[in-house]
Amino acid sequence: MAEKPVSEYRGSIHQQQKDLMLDWYQRLDHAAETGEPPTVSMMISGNCVELLEGFGAIPQYPEVNALQLAIRHQSLEPILAAEEMGYAGDNCAYVKADIGCMLKGITPTGGRLPKPTLVLCNFVGCNTYVKWFEHVAAFTGAPLFVLDVPFLRNDTPSQADIDYVVRQLKEVVVKLETLTGRKFDYDRFRQSVAYSSEVEELWSQIKHLAKNSPSPFDAYFDAITLMGPLYVYRGKREGVEFFRAALNELQQKVKTSEGVYDQERFRIVVEGPPPYPYFRTFRDMFASWKAVAVASTYSTVGGLWEFGFRHDAKNPFESVAMHMLAQNVTNRNYLQRYDQIRRYVQEWNADGVIIHFVKSCRLFSAGQGDMRDYFTKQLGVPTLYIESDLEDPRYFAEAQTKNRIDAFFESLEHAKRTAAHAVSA
Amino acid sequence: MKQFERTFDSLLEGMQDLSFASVRRWKKQHPGAKSVAFFPVYAPVELVHAAGMLPVLLSGAGDRLDIQHADSRFGSFICSIIKTTMEMAMTGHLEPFDGLLFSSICDSARNLCFVIKRNYPQMYVDFLHLPHSTSDSSVEFLTEEYRRIKVELERLSGEPIQPAALRHSIALYNIQRSLVRQLYELRAQSPHLLRAWESYVLIRSGNFMPVEEHIEILKQALDYLPTRPGKKRDAIRVVIEGAFCEQPPLELIRLLENAGCDVVEDDLAIAQRWFTDDVPISGDPVHALAESYVHRSVYSSVRHDFSKPRWEGMAEKVRSTRAEAVIFLIAKFCEPAYFDFVLFKKKVDEMGLPHLLLEFEEKLFTFDRLRTEVETFVESLVFD
Amino acid sequence: MPLVAGIDCGSGFTKALVAAQDAPGSELRILGRGRARSGINVDQAAEEALEQALAGNARSDLNYIAATGFGRYNLNFRDIAITEITTAARGAFFLFPRAGAVLDIGSQTTRAIAVKDNGRVNTFKSNDKCAAGSGMFIARAAKYLEVPLEQVGNLSLHAAHAHPISSVCAVLAESEIINHVSSGVSVEDILRGIHDSLADRAGALLKRVGLKDELTFIGGVAHQQGMVRALEQRLNVKVNVAEDCEYVCALGAAVLGLRRLASRN
Amino acid sequence: MRIAAGVDVGSTQTKAVLIGANGDGVKVLSRSLIDTGANVRKAAEKAFDECCQAAGIAQADVGFVVGTGYGRYNISFGHTQMTEISCHARGAHFLCPGTRTVIDMGGQDAKAIGVGPSGEVLDFVMNDKCAAGTGRFLANAAEVMGLGLDDIGPLSLRATRPVKIATVCTVFVESDILSYLSQGKKPEDIMGGVHLAIAKRTMSLARRVNIEPLVTMTGGVARNIGMVRALESVLGQKIIVTPDAQFMGAVGAALFSLEKLGESFESSVWREHAVSSGD
């Protein structure tokens, strides 16, 4: 096992990202005080942030609050608070942390969070969200709108699916007009959709840079850091500027072939959310093997763009509907996820797949044993399956996890050597 | 009518038969006819029936199947019914079925749908998106969704589903559901005439037999039961809440009664009484089914109508049956039930109703822990 | 003068307590206690424990026998069987009427009971699967750490800084302890960590049933000062421990037995 | 003769093995086994020391030491570390030539390892967040029954009507066992049920890897004949258990040490592999 290399991104965009997110939290804090601008609680998956632009409203993402809390090692207290009021050990810890914070008045940054103008449950795939947002509405008294997005039963949505979502998006517009007292600005909405398609093009190019060896960034750990602006600023000029800067910086690294590690030893694809309470510890376990993630499914929760989809300013409502229905990992069916990972392995040239089962999220995790079966037995791709949680620190067993990860890379290493030996002999 | 007593045992036998002999028998009697199974909770069985096929509602494997393969596909923290259903598939128990339908009840069930689809390509496996909202566009959407399923079912059976046939099926299931509603009224009125486990067996047996047969059995039951000997007993009237998908062991329901509870309402095998009223037979039958689902379904943790909170539905149940307590019977790892528990508990506390939370798995062999908790609950209500 | 016996048929020991009520309505007076290994034959163990508890009184003078505990139904000469949760609440209330909650940490299960002002059970919650932690867990840790069980309580009092156990599953928690040991954490710190985490878990149960400023702690683990202090510090409540805390359920059974007897005549 | 050592610091027991290699092959020179206890560092040193004494070899003459097991980073005198997954595969491949699957039940992990023709790990799966199937699970069950760990295996074989165990949650199994005892069920039937439940649960997980013959069982639990039989009945095939089953991790570690000493792919170890995997 090699000495431990630096396991963090070296560059300027991470700082820019921090500033952008801080600015967002400050605007939320301002909204909490003045009621302006209006805010809408949404879930990250298949969010329709462009629609909010039409009202000059800004999004609140309970998941972002929850994960920020976990990264800062502050998630257990609110989780316990929620369990005291009756939430079960088996309930999603994101929800418990979020509700717990609400009860205890905790926020990740210490700033205030406004009572949302509307709780918009843009439920895509995750049934838990329906409950979560219902509870948020019940505890905050904020109005709730459930945008029922049909799950992708087949490979593409039917016209009925698209019409259904478009109809509901327009119902949301009407609802927001009454709640905010503002007229929906269609042009601003369309402009926002246009920005989104630009951001998506840039983000997609960034994702494809990871095909280089060495990869200029870690498409799991680093991608997660870049996701914040993707959800909050996607429909804005700031978003376009940020991702243009990101693309430039990473392209430079490719030119000088600067990788995440001085020497890239393994290329992996990661499935599943990270254990945020042990984010750094977890990353170090891969860093010690100089294993870099070249792609990840989790970074496509907000949207799947590396395979070509873009929002379309010519059909803003339809393209927003299309994005919610078919272009984010959570509303796509399970077998489509198998295929997404298969493409990553083959087109991004990876040595193996890491499946991280998280207790909280059955959307991600239920059936990952079968996924593993598909990759190891049908495709012959080495696959590691490990378990913990994305929010609850009580389910991360450091020694066990490290042991499994070390064993996995030992076997990859051995396979490489055996192969080399076979050639030399 | 005395011989009706023996019916319970035969129904129980059928209920516990994992070889689905009744389904095989039916298929033998109807050469070439097919059978379609549904994963809980609700299913538009009328569509299958109208296509001349036998709809069967799966309810896990109870304690009659050991998990020897399914853990390799589904990891920790996944409920038992997901694993036993996967195990049934992996051990050939689902062989009598030509199709398997899932619906949007929870994330685990949905993923199971696609896992089975991958492993058993020869089988028709489909996923039905039941709306989580109750706007008019939801009705419109569900109508379209049912039409989509209808086309698939027609492809499976090889026969088009005629509107008349569908109306006939709807009429039959209307009768079945109204008989089940009567059964529940009788039980709520005089629990000493019909024990909870008996009524459970009576309605759940409808899951795997032709609706025509089930209607006959229900009629006989309703004729006989009022004449049944039995004396009122000193017991606490309770409502069971939360066991709408994975089903608790029969022994657990008996245990509740032996500990001094009269179960006057429950959500066991809820699909058999899904609609609060008949499905209209006039007009477009597909639209009628969709419209009934969106506007006239019973409340359930897996169906969302934000204009009528589910906990109000529970409160209404309690009032109408004059229940004295609520027992939350929740399957291990059942996320929908556990989320609802928080808001339901808030409601029962407001109503000043005593409640007890019991966690179960479909497979249990020793009941001492649970018995102690139930008896304590009863003791806390009877001892002064 | 009515004579009643409460017999707690636990999985390890059978405990008997005999009490009398000198005059109607007057306080119940404890005459004696006795215990015997439960073994296979509950009746036999009960007779043995009862013999000691009668403290000279004639077996035939007993007016009522209330059985409680795990083996209550295996006691054939009982007049009534009551669960150990109900009797724990009654017994604790008899000893410490101001305590609104009872914490029972036995070898298998941990239970929190909220008690109404007349000693009735209000609500209760047991530790559930994947979140277990009980006397047996401490016993095993002690065994692994090569510390005699009776010293566990004291050792944890002398911890420099507690080393928390985060895992909720008892078995994985044992692995965690082993990994702490491998990374050179002191035995005292680990034991204190165990007590703290058990206290936190008990606290979570107690808060779910409703915890006020005073609780009564029963069960085998109540003998460990380290555990008592962990509870007091982390839950910041007054913790009562009866000197004969293993007899609390038998006492509660006697109390309720007396009530049934009264209501019968 | 080149001498190499492997030390396997497990959660409950620490094992050390010395092997020697000369022109005509590789053989195990000595083994030692002690309880890990609370001081892992000491345990490792003691095991290594006893092992050297048993072989009559000075510690200084041991060319290389590989540590494995959970305590592997506490081996002060170890030169490098490998996980026990790699070591069990290598050890089983060496001692039971032709091994394609290793089932290892240790103190805190249960694993199934797919082994390649040259002793490499092809795939592996370990018990998930649920600790069912681990050695400690059995130890706890034995404790509740008031039985010794060595007695439960043979006892379970005498079961005529094994009880049904629903959950494999250690904590709940304990209350299941108590319930059955109070129902007057026979100890052998209870233990039979427990062994069967664990075997089913373990295999249900183990099927994530391709389970191909030969199947070799390693780890402390391999001494439990009841568990071996239960696994065989669930698996429907023979399971190989050597007297060295417990030492498999240490043996594998020692073989890696030997490799580090230059006895690499060309070494007699590998020639021996070539022969053994041929038949």
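A, B, C and D label the chains in the order they appear, each numbered from 1.
FYI, a residue touches a chain if its C-beta (ideal position, glycine included) is under 8 Å from a C-beta of that chain, and two chains touch if they have at least 3 such contacts.
Bear in mind the structure is a predicted one, so any value in this text is a computation, not a measurement.
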Pair sharing more residue contacts (C-beta pairs) when A-C is set against A-D: A-D
Chain separated most widely from chain D, comparing mean CA positions: B
Where chain B and chain D are represented by their mean Cα positions, the distance between them in whole Å: 46
Distance between chain centroids, defined by C-alpha means - chain B, chain C (Å): 40
Multi-chain contact residues (two or more partners), chain B: 71-72, 75-77, 332, 368-369
Contacts with two or more other chains, residues of chain A listed in rising order: 86, 357, 359, 369, 373, 385, 387, 395, 397, 399-400
Residue numbers of chain D (touch at least two other chains): 70, 108, 128-130, 167, 172, 175, 178, 182, 208
Overall pattern in which the protein chains touch one another (line/ring/star/complete/other): complete
Residues of chain A defined as touching chain D within the complex: 1, 357, 359, 369, 372-373, 376-377, 382-383, 385, 387-388, 395, 397, 399-400, 403-404, 406-408, 410-411, 414-415, 418, 421, 425
Touching residues (chain side chain B, partner chain D) in the complex: 63, 66-72, 75-77, 361, 363-369
Residue ranges of chain D in contact with chain A within the complex: 70, 80-86, 108-109, 116, 118, 120-126, 128-129, 208-210, 265
Chain A partner contacts - residues on chain C that touch it in the complex: 128, 130-131, 166-168, 172, 175-176, 179, 182, 204, 207-208
Contact set on chain D toward chain C in their complex: 9, 11, 36-41, 70-71, 73-74, 107-108, 129-131, 134, 136-137, 140, 143-144, 167, 169-172, 174-175, 178, 182, 184
